[in-house]
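Below, each structure is written out as structure tokens.
Same chain, two partners: subunit A is paired with subunit B first, then with subunit C.
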Partner chain A sequence: MKPVYISSAAALSPQHSFDNEELLPDIVSTDTGKLYVIDTDYSKFINPVAIRRMSRILKIGISTGMRAVQLSNHPINGIITGTGRGSMRDMELFLGDMIKLNEEALNPTYFIQSTYNSVNGWLAMQTKCTGYNQTYVHRGHSLEMALLDAQMLLNETEEPQTYLVGGLDEMTEDYFLVKSKKGYWKKDIPNSLQLLKHNDTPGSIGGEGAAFFTLTNQAENAMCKLAAINIIQNPTEDIIKAAIDKTLADNNINIKDVDVVLCGLSGDNRFDHLYKSVFDNMTAHTTIAAFKHLVGEYDTSTGFAMWLATELFKHQQIPEVIIQKKGIHPDIKNILIVNHYILNSASIILLQL
Partner chain B sequence: MEDLKLTLKQQIIESLNLQGMTPADIDDNAPLFGEGLGLDSIDSLELMVLLERNYGIKIEDAREGRKVLQSVQSMAEYIQENRKI
Partner chain C sequence: MAERIVVTSLGILSALGNGLDANLHALKAKKTGLQYAKHLQTVHAKDFLLGEVDMSNDELSSLLGLPTGDNGYTRTTLLALIAMKELMQGIDKNQLQEEGFAFINANTVGGMCSVENMYLDFLSDKTEGSFTNYIDTLDCAESTLNVTKYFDVSPFTATISTACSSSANAVILGARMIQQELVKRAICGGCDALSRFTLNGFNSLKNVDKEPCRPFDNTRFGLNLGEGAGYLLLETEKSAKERGAEIIAVLSGYANTNDAYHPTAPSPNGDGAYNTMRLALDKAGLNPADISYINAHGTATINNDAAEGKAIERLFENNVPYFSSTKPYTGHTLAAAGSIEAIFSVGAMQRQMILPNLNFTTPMEDVNIQPATSVIENTMVNHVLSNSFGFGGNNVSLIFSKT
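This part shows the complex of A and B:
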């Protein structure tokens, strides 16, 4: 497939990622096992009449999407999002009321806004974009599917086109509780910044966030190139290694050309071995970095990694807090994102300056 | 009647999440939709739910609903005559 270009990026996350000139200032950590998005002034991005009935994830998603649109030089032709969980809080309130009120006199707002495509709908109304509008709900592959869809749409046309693409997920108390019973979270909770050192036990820490990008087939003024997206089902160390090799070969670059690898290491001893091939095969040239100790584990965490990659290109430096193994590359031109989500999904994304 | 209108205004503010508003900001006779409070169609559904949950009133005729939901005054009068809770 032909590459596409990222013309703008925005992320709301548990770190100070939104509208900051500085790269990851004042790192946030927690001992609670839960990393929540740092709120911004949502009223700057959302219709004041509509905002009063919106849940937090709607405000987070819409504001992040609108910011990415503002930062882009291109009008958008369509909106594509990915979410593993959608609007969890609205869904919990709606289901809770169904039980409490015996399925009578239920609030319509919770129902309307609990649907997975609420953020897409609001973004379409606010941007007046009546084009293609799609939401992917594929657990840990949700954002990757949205990116792939945008890449295919942009590959199909010779016309200059731009799509707003993003991922969003929220963490609620109920979600955290339910998933703790499934072994998603560490029982002995370390400080989040120490998460990756506690990789001898199962579980990670919970997280959430939203990241949006404008993807275009126009190279001018782009932040970087999205060269490849590979989605992997039931990953193993060997499959990850083969997929990395193929991704690099398909794009005519060598393993020694990779300046930074952003790994989805989560401190979970059931999954962190997937990254062994990254550590084993990358040369002294490459910096290996991680990000889940900053944002926690969630279905669309690849979005934060992609936003972080655009920032690394922009600043041409790597914050110490994410470095796992320092490389000797003189600059940052090729970034590989290798990420996984609990259970059975992984992805490999190549971004190039 | 005055107590009922005050309670109703508090319930409307809470139910519709009218941030920064107090009962004193809502005129008894001002239209709830359009020029007055500027509510919309989803709000009208929320107000129907409010009436059902708090006063046991179910309005099934849309034309009747439109009349009832004109203002706080019209809602309070309807509640006083038809409440079951």
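This part shows the complex of A and C:
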């Protein structure tokens, strides 16, 4: 398939990522093991009547999506999202009430909003986009599937087209509690900025966020090229290495030309080895960086990494807080994102200026 | 011209029974699968008719050779596995694997059917017990990945959730992935198990009928919920011929659009449904007059049937083909509805018959069209249109054609 281009990017995250001139100012950290999205003024992006009944992730998702549309030069032809969790809070509220009230007198709003594609529906309404509309709910590959779908659509047409593509996931207190019983989080919770140093124990810290992009087949004025998406089920060290090699080879890139690798290191000793080949094989040229100590672990964290990559291209500098191993590259042209999710998935994405 | 995508195997489980033959037999006999809940533990068991698969989780597990009890498999997954077993009959698993295939699954609430009964344990101080086997089953991908595990295959996997059009979208994605040569074959469809969550959700919206649902009838009030699973194996005509597979139908057209109108209600004039059907016809290179039968979405909610009816009337004008909704047989199986009804559409074509709409007595006031109410045989069924529309304004139409 032909590569596609990113013409705009927006992210709401636990860091100051939304509409900031500066790259990652005033880094946020926590000792609670839970990193939550920093709210923005959602009323700028959502109909004031509708907003009152909306749950948090709907506001986060819709606002991020609308911002990406505003920042794009192109009208959108369709909307594709990925979410591992959907509106977790609405689901919890409806389920909790159903149990408590013994299946009587329930509020339908929670039920409607808990539908995984509700953000898609709202974005379609707000942008009046009657074209293609799709929602992937495939754990750590939810956003990757949305990206792949957009790449396919842009390859299926000869016309200039643009798709709004995004990932969104929220964390709740209950979600954190429930998943703690499955070993998702560290038992001894470090400060989030120290997460990656505590990689001798299982578990990570909880996170959330939304990131939206407009993907287009028009190269002019693009932020960068989305050259490759590689989706990996049941990753091993060797599979990751082979996939990186193939991604680079397919795009005629020498390993020495990779300027930055953004790794999904999560401080979890069960998964750190997946990144071994990155540290072993990248040359002194490459800066190796990480991001989950800034946003926590969630299904669609690749979205934050992609947003971060677009910022690195724009600023041509790398904040110290993400650097794991500093490289000697003069500029930033090729960024590789290598990410995994706790439920046996990984992905490799190549972005090029 | 892209290669033709064909259907070469099917698997279905619904309230009408296990397997294509059982389902078509019931449809032909005008025998509904709706009854009061036997397996779903709800205070509304005597209030609502459901299209429940008449097997307990233990019975389903036994049929699959799985241990009974809290075995970590949700009912959603068990339904999917039974349907997949039918599809996989006579399929060379190794060939699928070696040549590359995708498993594109769809559902609306993952393993909610299990989780809702254990949720208080989830939130309690307890950290051990069989409930922990279900903690990672709430999300929608659980059934997808457990199906691949059960059949010991490693396809490319994806899971879609666009409410009631989910599995129709899965069919489209599979076809497109084959056309892009990302995979050689794709197994596409969806599964949803009845849950109290969903039943109470639709009931809170006040659109569940206590009587058997009456699609396209002026007295309709709402839907009946159902459960089930349906899967179709897609591949190119060339690939089917290479392995000597029987070609059941051609997937000749499809379209996905959005209403951009309301979170739960369709655009009242059926603009979304109209656009979707029209685009699917364009994709297939067909005219409205070519369609022999429409398997309508026909949920029997007031809004859906009015909008869909108007859209059908507008698109087909004075030449409306036979159409019916099969939801009075199966109930609305939500994410599974698109693929189950795609299979009904293919079955209708295979047997050259029109499937009747049950419970129709009074024509709708706002449109001038009426569904087929009896089995019509010895008629030419060359192209069938299957509609699936969902919350969030998500509309999908599929067109299947004779080979």
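Simple rule for what comes next: the second predicted complex is superposed on the first by the 353 of 353 C-alpha atoms of A that agree within 3 Å, B and C clash if a C-alpha of one lies under 4 Å from a C-alpha of the other, contacts with A are read in each partner's own complex, and residues count from 1 in each chain.
Definition applied: contacts are C-beta pairs under 8 Å (C-beta built on N, C-alpha and C of every residue); 3 or more make two chains touch, one makes a residue touch a chain.
Note that the structure is predicted; figures quoted are calculated from it, not measured.
Look at A:Val28: by the touch rule set out above, it reaches neither subunit B nor subunit C. By the touch criterion defined above, A:Leu106 lies against subunit B and subunit C together after alignment on the C-alpha atoms of chain A.
In the superposition on chain A, no contact is made by A:Ile38 with either subunit B or subunit C. By the touch criterion defined above, A:Phe94 lies against subunit C but remains apart from subunit B after alignment on the C-alpha atoms of chain A. Touch criterion met: A:Asp149 reaches subunit C, while subunit B stays clear of it.
In the superposition on chain A, contact is made by A:Arg52 with subunit B only, not with subunit C. By the touch criterion defined above, A:Ile253 reaches neither subunit B nor subunit C.
Annotation for subunit A, partner touching more residues between subunit B and subunit C: C. With the contact threshold set out at the top, residues 104, 106-108, 112 of subunit A are in contact with subunit B in one structure and with subunit C in the other.
Note for the complex: subunit A touches subunit B at residues 49, 52-53, 101, 104-109, 112. In the complex of the two chains, the subunit C residues touching subunit A come out as 42-44, 108, 110, 112, 115-116, 119-120, 122-123, 127, 132, 135-136, 139-141, 144, 154, 156-163, 169, 173, 176-177, 179-180, 182, 196-197, 200-205, 256-264, 272, 275, 390-394. Interface of subunit B with subunit A (complex): residues 16-19, 38, 40, 42, 45-46, 49, 52-53.
Every residue of subunit A that touches subunit C in the complex is listed here, in rising order: 1, 79, 84-86, 94-96, 98-99, 102-104, 106-108, 111-112, 114-118, 120-122, 124-125, 127-139, 141, 145, 149, 152, 155-156, 174, 177-179, 181-182, 231, 233-234, 343.
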